[in-house]
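Input: one structure, supplied below.
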Amino acid sequence: MTRLWDKGAPLDERVLEFTAGEDYALDERLVAYDVRASIAHAGMLRDQNLLTAADFEALRSALEALADAHARGEWRITLADEDGQSALEQRLTERLGAVGGRIHLGRSRNDQVLTALRLYLKDVLGELEAGALRVAATLDALAARQGNVALPGYTHMQQAMPSSVTLWAGGFAAELRDDAEGLRSARRRVDKNPLGSAAGYGAPGLPLDREATSRALGFASTHQPVTAVQLARGKAESGVLFECTLLMQDLGRLAADVLLFYTQEFAFIEIPDAFTTGSSIMPQKRNPDVFELLRGRSAVALAALAEALALYAKLPSGYQRDLQLLKAPLFRGIDQALQSLDIAAAALAALVFRPERIRLDPALHAAEEAYALVLREGIPFRDAYRRIAERYKKQP
Amino acid sequence: MTRLWDKGAPLDERVLEFTAGEDYALDERLVAYDVRASIAHAGMLRDQNLLTAADFEALRSALEALADAHARGEWRITLADEDGQSALEQRLTERLGAVGGRIHLGRSRNDQVLTALRLYLKDVLGELEAGALRVAATLDALAARQGNVALPGYTHMQQAMPSSVTLWAGGFAAELRDDAEGLRSARRRVDKNPLGSAAGYGAPGLPLDREATSRALGFASTHQPVTAVQLARGKAESGVLFECTLLMQDLGRLAADVLLFYTQEFAFIEIPDAFTTGSSIMPQKRNPDVFELLRGRSAVALAALAEALALYAKLPSGYQRDLQLLKAPLFRGIDQALQSLDIAAAALAALVFRPERIRLDPALHAAEEAYALVLREGIPFRDAYRRIAERYKKQP
Amino acid sequence: MTRLWDKGAPLDERVLEFTAGEDYALDERLVAYDVRASIAHAGMLRDQNLLTAADFEALRSALEALADAHARGEWRITLADEDGQSALEQRLTERLGAVGGRIHLGRSRNDQVLTALRLYLKDVLGELEAGALRVAATLDALAARQGNVALPGYTHMQQAMPSSVTLWAGGFAAELRDDAEGLRSARRRVDKNPLGSAAGYGAPGLPLDREATSRALGFASTHQPVTAVQLARGKAESGVLFECTLLMQDLGRLAADVLLFYTQEFAFIEIPDAFTTGSSIMPQKRNPDVFELLRGRSAVALAALAEALALYAKLPSGYQRDLQLLKAPLFRGIDQALQSLDIAAAALAALVFRPERIRLDPALHAAEEAYALVLREGIPFRDAYRRIAERYKKQP
Amino acid sequence: MTRLWDKGAPLDERVLEFTAGEDYALDERLVAYDVRASIAHAGMLRDQNLLTAADFEALRSALEALADAHARGEWRITLADEDGQSALEQRLTERLGAVGGRIHLGRSRNDQVLTALRLYLKDVLGELEAGALRVAATLDALAARQGNVALPGYTHMQQAMPSSVTLWAGGFAAELRDDAEGLRSARRRVDKNPLGSAAGYGAPGLPLDREATSRALGFASTHQPVTAVQLARGKAESGVLFECTLLMQDLGRLAADVLLFYTQEFAFIEIPDAFTTGSSIMPQKRNPDVFELLRGRSAVALAALAEALALYAKLPSGYQRDLQLLKAPLFRGIDQALQSLDIAAAALAALVFRPERIRLDPALHAAEEAYALVLREGIPFRDAYRRIAERYKKQP
């Protein structure tokens, strides 16, 4: 099989491996979206009289057949395909002959892959948001079950003020809902139709109708001008990864609390066996690996974000091949966030607080006592503070 | 002078320096906001009958006097103050005696500083947004002046398609407007009133009215529940820094183009002397330092974001002193973004394209020729592509 | 098949997938090293009379058979194995029955995997070093072929001083040799034997001889005390990734130069077709993707380093499951550095400078002229500088 | 006052502020080193007959006087000076007239500042190393005082195996010594003399003797070829920051342990009042801020490293003004590491373990029991593990 841009020159196999990299595997998840976008593109070409109705029908039905076959696992993108975009055109041409060569009119692999990617991101942002809301709901359910259990409220990791499971779970639930809202707002940079920007400079001489594909594909707007499209590469991706990072860091902090509460010294909670693992040498161990990994994965998210930002930093405008490397950290960051949300919801549903083990320092109420003194005696807070401080100072 | 929490124990001077760090200097920009928030807090205390009308008036007028004096440079926060929040209460008490000790009822330095910080961030986000829009407008003006100048459109840093100053400037202007919109949306995480969350667990026994201070200070909502406030530390800050990073990376890419266009080999543009600097040994040099530093400062932004994210990562819930360190990268990131926007607008206003020096590769029109062939002969694009490719292949 | 630490409780399949993650696949490259370390461990057990000579022989020959079979692709670690360490013991026990259960005496999976990892790292650091030296040699060869070609020496991307291909290639070659030396020095943190530290607290009651395994495995020292071993997790890995990052950033800067020199505007060099790729819509394009990807991959290296550092940051001492996640960025960083060195050497060997296209600004010699003036007239350099500056100022 | 490279054109004040930035303040610490390097440079010029003995003496004594006056605080670099290198030449010329203009022969501000920086780094690496060793010695002293106190050894934050203060402190001491060794090895990239590389292309026509200044300044080698010097910018700096990061992360993990041990729930240790701070509303609090900030500052170190690496990433070769921005993260990272080492040594010296509060889980000895079973009955470890596991399983 020859590559689309083959010029007859022998291409060093190592060069192909280096340049195609893992792209062909990463593009797998984009095939269905590429098919959708390709059909919208072809429909627009037909409406602009750049494609006959018959050719459009042939392309549409072949594209749908390819999508179905791909969904059934009947074909995969291979290294020899180089990327998913070429794979699709190749297979179209195998099925339809010359008509397959009509699909690429007025588009480039640059806007083709970006369209598929953004359609995918719109879907996956919805999944991430739903996942975050599910974890928040699990925390609500925990509060409903055991909300009245009294907890110390910590500052500086020291018992500080009275708290409760309701307040503890509610704080995290609120922030997870904040993350969900952040993920929803990350859609803004994604929801712009790049199709028709071609290689970044449009398709001179062709009467493309970019608004038509925006409508057909449900994009909120058409990304304008065409030169902005490649300048935006990395920004929408980083936006998604940034929100994933905030989300993962919230899960990481939640995990840090659980790990603390699960120590023998705190012993505030139980984690069912299904969520613990054992040791190869210490038969007694029940380890909270799930929560350790939730904590650890916040670092994975952070690094994926750093990678995306660094990839496009300082690049001159116009498409640069470096941008291809964005997909790896993007998909890595998304996948692990989805997995983490899934496991976090399951693990938190199984968490049980042990009120009988929770010891509250009586000094937790010192601020409250000072407040009461103010209310009772009308003295300034600072004076009440000093009197209560004196009382606690005398205690050992 | 004694610190608010002084327990009579000798405090090692190095400990103070280590813990207060540069905090006292960083808090300078928050004084006016702290005063606004303190007045709102005192007003709420009065309305809740926790403060007499007379005491409120005394506090309000002393606070306003302190703010004015601070604005006139008559006092500064010192290391001995430890932080801006303590500095204010100290000075209130110096002026008002015991009444000064009434201001801290129902709040903690935790929610006090956070309220001032968020009020500051709301303002500064507006400034950043305006700055980004100003640079975009400067690019529009450039397009108005020289938009018709033909430019090569590059992909892979190779001449690829026909472009123009309109398209070049328009792409960056669009992305800067996208950054402005991003900065506006970063306001969401900032616009939640933390006041009344005190140390993170509310003020048990006190009838605070958090909604009242939200209204008085113009916050979009009250941050609920109280435990969410400290969990959110780092998130709003990172959100601001993330949008600053996207902005700075856009300026960095713009600078990369300008630096390329300014090489003797490209020679597409002139930069007036006011924006170039000289060399200490090469008398002929006119160096584009401003644009190099715009490019370089994208790294500063990225690192400030990384610092903020890393600071709060993995922390157990509840206030932790690590969070105090957030201000340094936050202010660093904001300040340099503001400076960069200012200088970028000025420098871009002075940029002049030199159409006589811009050489366009005739092959820029190859795609267009292939399109024309499709329109003329009705052949598939892929066939047209191959015919045009053959033509260019024969040329040396 | 049951896991080593199976307690009879049903283990949620998703938990296994979440906790084992991609570990089983990542451990593939460690199997041969694990076998070597396991044989050394068993030999030490025999010498300490903790294993009979017959059992040792049985274990040794089964381990070697397993390594050979693995090298031939006859078995792979599966998700059900959970990790490579368990996979090995499982298969030993399948082959040997109860004797297989003797291998784990006095070790834990913690020190087992770390020993295998460090043996692997020692090897791969050698490969990386050799790769860097190979690229440096390629640059030497380029200098030998075309060293006399005059080049402008740039500062601020402006022609500044006279340079040459010898100086250009020599600068990069020197820094690549510096990277090679850095990679050699990264060995220090790797070359400490963790075996016998077990789960991080040694094997109380067992007469292990840690020095013996250090000798048998060729480690420079024994990592002491046992508690240091888990505290060091992430440090050696980060050290390797840091040197990979410096190396990749040097390659990235080299690529940036090549991409600049390859523009039509500079046109200083030719890249043979084997190292360029085409466009799907612009038939005339010959794109320098290999160099763009070398530039882009410096971001991948940087992020792998950030991930490793963030993973172990702030963790309480003692093994934490988060540390398992170190392998992914470590192997990613190493693999792409090896690939990049390989392709960089090939691509640079094919690079040809085009002296006929290199235009030198006469002002390049301004500093030299000022120097000559000093030598000739004995005037202070600063005066000479001003006179030459005057001369160049008069020119347009 | 006029700048060295002033061309008579009006220079926008904002441009100066943007380009000089905080450079002038950052250069303060380099003045003494710049003087040393300038004297060495002048001495070499004299030996090469590029400067008379009388002029050399005049320059030397004026330079020394300037250094002394600077050390006494009699002058500071100002924004109008632009940078420390210009400040020195200006002041030399004010004192000596035309002779001051002779010092810059054969050097550029590029190699001038880099030489001063590397001399500074050599000194400060020594300080950092000494600081790390001092903390290690403090941990040794702690082990000497309370080494026999039994501690649980944790894995997964769960009590796992028997440990002790000796093992706990010894692990950290070993890793701090490893950091000290890392800091020593970071000297390699610093210890190369850049002087004589001028703007990065040497001083054509001038008979400079670079080896002579290497000897005079005590550099291990001369950085060769001249083009390597600017390519190395950022690498030595990153090397120092990388080792600071490993060091700070070790301190951060140590702090994480202390913070855990200091909770009321663990209550393993006492921190004297001098190292705790109070709360503005909770009179009873004694907060371990010093250790929280040690933990937090590991993030500052990490970000300084990220900034340095990102600053020079992807830059074309030859000096670029972006490189000037390296000093800020470099000094930030170094300063806070020095402060942290200082305070860590003081705080750890004051730490007291409370053996009466440390509760050891009897199951800590499960692995030891399994080992004993193996020794007693000669059964395979895996069988012993299963029998002991059965025993612990029966317990609730």
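So that you can tell them apart, the chains are marked A, B, C and D in the order they are listed, and the count of residues begins at 1 in each.
The working rule: a contact is a pair of C-beta atoms (placed from the backbone, for glycine too) under 8 Å apart; a residue touches a chain by one contact, two chains touch by 3 or more.
Because the structure is a prediction, the values reported are computed rather than measured.
Q: On the document's contact criterion, could you list the chains that touch chain B and likewise touch chain C?
A: Chains that touch both chain B and chain C, as defined above, are A, D.
Q: Relative to chain A, which chain's C-alpha centre is the most remote?
A: Computed centres place D farthest from chain A.
Q: Centroid from C-alpha atoms only, then distance chain B to chain D, rounded to Å. What do you get?
A: Here chain B and chain D have centroids separated by 28 Å.
Q: Provide the C-alpha centroid distance between chain A and chain B, rounded to the nearest whole angstrom.
A: 24
Q: Using mean CA coordinates as chain centres, what's the gap between chain A and chain D in Å?
A: 36
Q: If you look at chain B, which of its residues touch at least two other chains?
A: In chain B, the residues touching two or more other chains are 4, 7, 104, 155-157, 160-161, 198-199, 260, 279, 281-282, 285, 287, 289, 292, 295, 298-299, 302, 306, 310, 313-315, 320-321, 367, 385, 389.
Q: Please name which positions on chain B make contact with chain C in the complex.
A: Spelled out, the residues of chain B in touch with chain C are 152, 155-161, 259-260, 262-266, 279, 281-289, 292, 306, 310, 313-315, 359, 361, 363, 366-367, 370, 385-386, 388-389, 392.
Q: Touching chain A in the complex: which residues of chain C?
A: Result: residues 3-7, 9-12, 14-15, 17-19, 21, 85-86, 104, 107-109, 198-199, 273-275, 277-282, 285, 287, 289-290, 292-293, 295-300, 302-304, 306-307, 310-311, 313, 320-325, 328-329, 339-340, 342-343, 346 of chain C touch chain A.
Q: Using the touch definition from the top, list the residues of chain A that touch chain B in their complex.
A: Touching chain B from chain A are residues 4, 7, 50, 89, 93, 98-106, 110, 153-157, 160-163, 167-168, 170-172, 174-175, 178, 181-182, 185, 188-189, 198-206, 224-228, 230-232, 234-235, 238-239, 242, 245-246, 249-250, 252-254, 256-257, 260, 295, 298-299, 302, 305-306, 309-310, 312-321, 365, 367-368, 371-372, 374-375, 380-383, 385, 389, 393.
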